[in-house]
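Note that chain A is present in both complexes that follow, paired respectively with chain B and with chain C.
What follows is the complex of A and B.
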């Protein structure tokens, strides 16, 4: 079992100088996501998460919607034909307030057992998305070159 | 604050810790026992290094039943890249742009 773990669970974590409410807005409102999520306009509510990138629209179920602390939704990579064929996986956003006006954001992408190509494709992407989100919230500006 | 750049640089300034990160890069979600088996070091030594990496935010742990699994968190390294590398490459680009302008003006 342990040999499978690498491909099937990915964990990303960052401290952001922002309130959980500000982070929540940044991960659920399209005007924010467009600035750090590969230009995708993402909208999440209690039932679904809709992601629009150019002509491509992806829709995934929302499993937990607990503002501003926890968002759990399905994931499939609509932007690539090969990836889109793979089994859906799951993404969890946890926001925990910290001292000094910081919040700890943890993004866990798991249940990737049926999506090995997706697992490989998203690993560098999450790193860029999350560091871009931090930069946007702390400076008000999108990351250079993002 | 664990996101302090100093902590990340300090954590990276040790060959054993870099080796641990490389092992986790190849495959993460590993237990202390698995990581320990690949290093010529006591369990306590590996634990100590993992703790430094965890404090710097480079390693995140998750409980899975009775096991504690270690995951590589690349975000702090990316942030150092953004903070230090982008800054200097941007400078080089603007220096080249300046050179081009100067050359074209004098030509």
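What follows is the complex of A and C.
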């Protein structure tokens, strides 16, 4: 019961020593996302979020686009055939500046009721993604690598 | 909904990935000269079966229940730094450190046995632990914690 609830609404948070503007650029620009998002080149604008990984391209609608504070978009896992068949879910990025020169990034992945395999797949992945994003913004280098 | 929230708070799980070795993370969570740079200024030392904390003129101790460097540390938790929280029963914190391919490490913190410590549970939840883990990651990767 608890597990199911947790999986259909998943919340991940990290504090990053960066401005909201820098974080916004890192989550909406392909040159940045390629360095921390499983290699995916992601581009988001006011209407669409386009994600390219190898020869796979996924496209999801953007529901809210309020730079540099809030981005809400649809999610479907185009890279995996089983997951791609599931219903779309929703991802919200909230960026809130804090006193002290850092920002709180909150990623909420919800509306996963019709996508149990996706819920399971992303639950191990979001912290890796936002950990890598933090490393990239604070050190200028990707987290993974020799 | 309330029931679910309470259950979630009595067992809290957080993780973060850090570009550091398990040994570096172990040192950062067990040595006071490191903890004071990212753990709200608290000097924490894990030694001889105890976890000793110093913050300004406050000092307190918790039992170490398991210490398996550099992989696993389990200790008691009492929030001595706040009068209301300090009156609640002791809970438990487990640190698990797992190296990953690619030169980084996953750190997982499980804070549980919080059933009888609702104020502590609410205080450490969410940005409480994620603040500490974010600051620890910054400290290990850049040399400076966040707070």
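Note that the second predicted complex is superposed on the first by the 140 of 146 C-alpha atoms of A that agree within 3 Å, B and C clash if a C-alpha of one lies under 4 Å from a C-alpha of the other, contacts with A are read in each partner's own complex, and residues count from 1 in each chain.
We take it that a contact is a pair of C-beta atoms (placed from the backbone, for glycine too) under 8 Å apart; a residue touches a chain by one contact, two chains touch by 3 or more.
From a predicted model like this one, the values you see are computed outputs, not experimental measurements.
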In the superposed model on chain A, is it clash or fit for chain B and chain C? clash
So in the superposed three-chain picture, is A:100 touching just chain B, just chain C, both, or none of them (first/second/both/neither)? both
Partner chain in contact with A:10 - chain B first, chain C second, else both or neither: first
Just checking: does A:135 make contact with chain B only, chain C only, both, or neither of them? Give me first, second, both or neither. both
Partner chain in contact with A:143 - chain B first, chain C second, else both or neither: both
Who does A:127 touch here: chain B (first), chain C (second), both, or neither? both
First, second, both or neither for A:65, with chain B first and chain C second: neither
Once both complexes are aligned on A, which of 45-53, 63-71 or 117-125 in chain C overlaps with chain B? 117-125
Where on chain A do the contacts with chain B and the contacts with chain C coincide? 2, 5-6, 11, 13-15, 100, 102, 127-128, 131, 134-135, 143-145
Per the touch rule, the chain B residues reaching chain A in their complex are 1-3, 26-31, 34, 57, 60, 62, 69, 71, 73-76, 78-79, 82, 86, 90
Partner chain A, residues of chain C touching it in the complex: 4, 7-8, 15-19, 102-104, 126-127, 130-131, 134-135, 137-138, 141-142, 146-147
What residues of chain A sit close enough to touch chain C in their complex? 1-2, 5-6, 11, 13-17, 100, 102, 104, 127-128, 131-132, 134-135, 138-139, 143-146
Write out the stretch or stretches of chain A touching chain B in their complex. 2-3, 5-6, 8-15, 100, 102, 106, 108, 127-128, 130-131, 134-135, 143-145
